[in-house]
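What follows is a short report on a single structure.
Each chain gets a letter, A, B, C and D, in the order it is written, and its residues are counted from 1.
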Amino acid sequence: MTIEMPQSFWLYFTFFVLLLVDGLWCMLATRNLVRILIGLEILMKSVTFFLIAAGYLSGRMALAQALVVTVIVIEVVVVVVVAGIILGFHRKHDSLDVGNTKRMKG
Amino acid sequence: MTPLLLILTIAVPAAAGLLVLLLPSRRAPWAPAVLAALACAFELALAIYAFPHDVAFAWSWMGFGAEFALKLSRFSAFILLGIATFSFLVTAYSAVSMAKASSSRRFHAWVLFTVALSAGAVLADNLILFLVFWEGLLLTLFAMIAAGKTRPFATAVKAFVIVGVTDLALMFGVMLTGHLAGTLSMSAIRLPLDGLGAVAFLLLMVGAMGKAGAMPFHSWIPDAAIDAPLPFMALLPGSLEKLLGIYFLARISLDLFVLTPESWVSPVLMGIGAATILLAVLMALVQKDYKKLLAYHAISQVGYMILGIGTALPVGIVGGLFHMLNNAIYKSSLFLSAGAVEKEAGTTDLRELGGLGRSMPITTLCFLIAAASISGVPPFNGFFSKELVYDGALERGWIFYAIALGGSFFTAASFLKLGHAAFFGKPTNAKRTVKEAPWPMLLPMIVLAGLCIVFGVANSLPLERLVQPVLGTAMEGAHGGTFAGFPTNMLLVGLTAGVLALAVANHAFGVHRTGKGIGAVDHIHHAPGLSSVYTLQATGVLDPYRMLVVVVGVASKGLYALDRAIDWVYSGLAAQSALAASWVLRRAHNGNVNRYVLWALAGAIAVVLAVLAVMGGGR
Amino acid sequence: MSDLLLLVPFVAVVLLYLLPKRARAVGLWVAFGILALEAAAAVLDRFATVDVGLLAPLEKLLGFHLATDGLSGLVILCTGLVGMAALLVARRTLESVNERFLFANLVLVAVVGINGMAMVRDLFSLYVFVEVTAVATVILVAAGRGDHVLEGAWKYIFLSVVASVLMLTSLGFFLLSTGGITLDAARTGLAANAPLAWIAMALFLCGLFVKGAMVPFHGWLADAYTAAPAPVSVFMAGIVTKASGIFALLRIAQSTLGGATPGREILLVVGAVTIVVGAFLALTQTNFKRMLAYSSISQMGYIVLALGGDLHLGILAAGLHFFNHAVSKSQLFANAAAVEKQLGTLDIDEMGGLGARMPVTAGTSAVASLSIAGLPPLAGFWSKLLIILALWNAKEYAFAAVAILASLVTLAYFLSLQRKVFFGKPLEKWAGAREASAGLLVPAVALALVTIALGIGFPFALRILLGGGA
Amino acid sequence: MIWFTLLLVVLVLAALWASMTTTLLRATLGLALASALLSVVMFSMGATLAAAMELSVCAGLISVVLVSVASLTRPRSIQEEIASRRSRLRRIWPLPLVLIAGGVALSFVHAPVDIVLRLPAGDGDVRTVLWSMRQLDLFGQILILLAGALGVLVLFRKEAKDDD
């Protein structure tokens, strides 16, 4: 199946923004630490998508791909580290509630 | 005379200060004081040796016009001599008075640094270099007040904030001046006083006045008087800061800018001078503490100098500079006498003092000479410099003259009160046997009192050797080229004498009227002319003294409120609003990371929108 | 030579893990040695000119396309100094051999990241190294023993992800507008006044603002610094935040923005707001490290503000303030570590009169505080003076005024800190307190000496810097 | 073109489901689905290497990490679950409306965008670019993996130590 590709910047941009808002909302509206991690992932999806779209629209596909490969590697390391911190919270407070991340003020 | 010697005047005290800090103070508690006195003696020798020379040199330094440039001119040699003399006398004195204080080491180190920085500020011929030394003095000021005894930290911070604010003005002024003149070399700058030039002048002026302690930048001096060590008061607010502040004011008025009587800046300066004279002296009049009274006079006397320089006439400028010199002499003598009294009698509260004249005759004598000098009694030095300032002020407007003369009246009145309460009358504190102060404390006082006489009787010496060369060619043609000798305007002398007599009469009457606890044996009580005033008062119809007391009292209280209001602006309003801002901001940081993320996103959106707006507008 | 700066620490980490476990005590000293070499290389060398013959095959093989200049040297020197100080602090404050070993390794990883940032000429590689450093630092924070370490690490990485999103989006826009992601390509796009390129630059700047904790992007910094273990906060405050946020801004301002509107205005406004807000936030803090953290925010605002001034003088001033603040602030955190170790608390309301008990700590912290507050003749005075001059030359008088006035607030909070901790009456409670051990004093004294020496010898240092074309 | 747009709509729907669904397991599943769809999107745009990476690492490895985190942590009690669902619903329900409104609003925007340097597609092979121009990024990848390994060592092993 060959798919005809759109060339409009705004189409890509629209879906990038939708994914971005979705990820942010997911991160900010939850009280569960793991769900924040999922939101973070959605954010990264949106950015990855935008990079590829930018490469596609500007004819720099190879460069964009090279970047995305590196971004994915960074992404997975960040996810693992965040997961480690979440496990630390769980170990310490026996809870995944975000309240434990709001103790320091002022 | 090589550049090396100029550098030594800065480096020797600085090195001695470092050495003092490194000395093992436990083994030799006297060592810091001795070392300080020795270094200051060396400084004095250098200053005397360097006096007749003219040296200038510059090392290229930072690349944008800031050079390490020192210059010894007539004027700076004169001020340098003053700095060296006073620091030598004060260190000799503090060798005794501070010898046992635990803070002696730090105090002397800071004194030495102060001397080094002052010398640097006076010799600097580049505005940036000058600024560096000047700002360094801010640091030593803070440290010296903090070296005192009771709760001095608040005072230190207050002094720091006030002097800091004025130094900020100075910093702006330096930048603006450099910008306008296109050079930072002080001896190359000569700007007209109009437009931005006037702004630059006013900014620099604020800096100079902050150092000299003129109104409204005076607020810290009386507070420091209570808290800080007395040698400090004698050295910094008493002499060095006046020397430096007035030096800089004179430099900007005479050299850096063209101050003419026609310029609108001249009345501004005179107005500030006159206001400072009158307001501070009225404050002084109601003080009940020896040191605090002196501190307000330290402010008031600056007014005469600013008034004199502000006239922009040779006679006034010479008078102002001569007054600066005289004031430094008698004011440090007075502070030192206060120190002697505090050390021997254990207090400086005038209500608890009295009759010290018998037990401390030499201190009393020195005090009398210095007090007569500050009150402008002939033939002491203060008389001559004040007459010159009067002469200049009268030429510019009778109102300035009248205020200055009124200031003299109150000065005399307050020193009559001070001397009477402290040295005459009955000893109120009989339990304590008071002895004369030790010799090392007396000697500086005696030297200074002697100078009061010498500079008065032989006033051609300081005027022709020190002060008048500063004006250079401007002196020619005026008054036959010199202002030395007895004043020629006998009308003014007569008015001065009249005012002094009035002060004496007023004092005598006041003592008689209110004099409880103060002996009637004092000669002042039997002054002629008293009885008629007394009769008038006894009729009850008219009570001039009470009226005077009421008027002065109300005025003083009002001024005190004003004084506190200024104080409040510094330490209250500014600090409180800063704390409130801090509190609000801290409340906003509630620990919720979501909030921080939203801030960041809002910031990013704002930045992008700003960019779009600019790009859109650019098209 | 420049390749070695990336390879040597990296290889060292790998080799250290091959060592037998009982030899792990050596890890700290290996890291120390590498950082000392790095600092020495920065002082002695121009990087690119040396050893070309010997290293050419290696460089050809790797093909890293690195470039070094005076600014890189500055960051590398700071990294060396601060890293050594942090390692010395770690030696005395981290309890087990394993913790110290881990600390040394993660510091080396972060150092590779920082060295990378110092030498890249490409926005994406810059992002990669920023991320490497951030991950290593987050692990350092989270691995600590304190009560709040996880919260500090969490906030740090949370905001880091936001920064990543901003920067990657920006790279997308750069691809669209210029087709390239090198600094030079970005400059071409900006010079052509392409709106997309400017949006991209604005987003990248915002990402760096998060990393450099500019207000209002600063939410993570105070919590991360406060929560981090003592040596980690020395390292973070000294170099990590500065390299990944502020230095990157410096590099962009130097090689890409070129003082063009509206980039300069953004830097000016954000810098000024940061200075003021950070200073006020610091004013009433009661935790030693937290006050230092907000002070860091405010001071980094100065660096960014300088970038908005006159281009050449501004970058020189920013670089100098970068160095001064790296030295002084890491020293203050080392002082805080000494106080915390001796007293077991960081609450400055509980302290008082420690000057008599801990004279060296008190003295060195006074030097650093006064330097940051900009009092002559310490180093901080000169950099602030240059910043103000840079603004003045660019005719930004209002911003120069902000810089001057905010230094009063700086003075106020540092005086309040000194007063509450070191001056005042010695409290009964701390009658038994002693000066910290020599191991903790060495970094503080050494860094204080650097501050004093640079302050006094500034004119000569400036000539060298001008000659080197920083 | 319509198919591609539909693919993107499904991608957003999957992400929406991941962020709105009630249990962590379903959310993880939704994320993996979104990842896989993104991989298809990339593939259809010609980014084969990136698509392969996305599929194996994001849809694969990260899902494993998420599932193991979910399984390592204590599931919530029924009461907690019910209480949290209500409050969660209050916070999450505007999301689909916002997305729809945003999508519709953006679909009306057709302002010209200067994509300045449009090149004919194909600027070289991705492998060439990656291995001969972006070596520094590869080094960065190795480095961050090393950092991640150290992180795993400390953050996860700490748990084992505490469990002892």
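Remarks
What we mean here is this: contacts are C-beta pairs under 8 Å (C-beta built on N, C-alpha and C of every residue); 3 or more make two chains touch, one makes a residue touch a chain.
Note that the coordinates shown come from a computational prediction; the quantities given were computed from them, not determined experimentally.
Contact with both chain B and chain C is made by A.
Seen from the C-alpha centroid of chain C, the farthest chain centroid is that of B. In terms of C-beta pairs in contact, the better-connected of the chain pairs A-B and A-D is A-D.
Inter-chain spacing, taken between the CA centroids of chain B and chain D, is 72 Å. The geometric centre of chain A is 67 Å away from that of chain B, both derived from CA atoms. Centres computed as Cα averages put chain A at a distance of 5 Å from chain D. Measuring from the averaged C-alpha position of chain C to that of chain D gives a distance of 32 Å.
The multi-chain contact residues of chain B, meaning those touching 2 or more other chains, are 586, 589, 591, 593, 597, 601. Looking at chain A, residues 9, 53, 55, 57-60, 63-64, 67, 70, 74, 77, 81, 84-85, 88, 101-104, 106 sit in touch with two or more other chains. Within chain C, contacts with two or more other chains are made by residues 124, 128, 131, 135, 138-139, 142, 154-155, 158, 176, 179, 195, 222-223, 285.
Working note: touching chain pairs come out as A-B, A-C, A-D, B-C, C-D. Considering their complex, residues 6, 10, 13-14, 62-66, 102, 105-106, 109, 112-113, 116, 120, 122, 124-125, 128-129, 131-132, 135-136, 138-139, 142-143, 176-180, 189, 192, 194-197 of chain C touch chain D. Chain D makes touch with chain C in their complex at residues 113-117, 119, 132-137, 139-144, 146-148, 150-151, 153-155, 158. Against chain A, the residues of chain B that register as touching in their complex are 586-587, 589-594, 597-598, 601. Residues 61-64, 68, 132, 135-136, 138-139, 146, 153, 157, 160-161, 164-165, 168, 171-172, 175, 179, 575, 578-579, 581-583, 585-586, 589, 591, 593, 595-597, 599-604, 607-608, 610-612, 614-615, 618 of chain B touch chain C in their complex.
On chain C, the positions that touch chain A within their shared complex are 124, 128, 131, 135, 138-139, 142, 148, 150-155, 157-158, 160-161, 164-165, 168-169, 171-173, 175-176, 179, 181, 222-223, 226-227, 285, 290.
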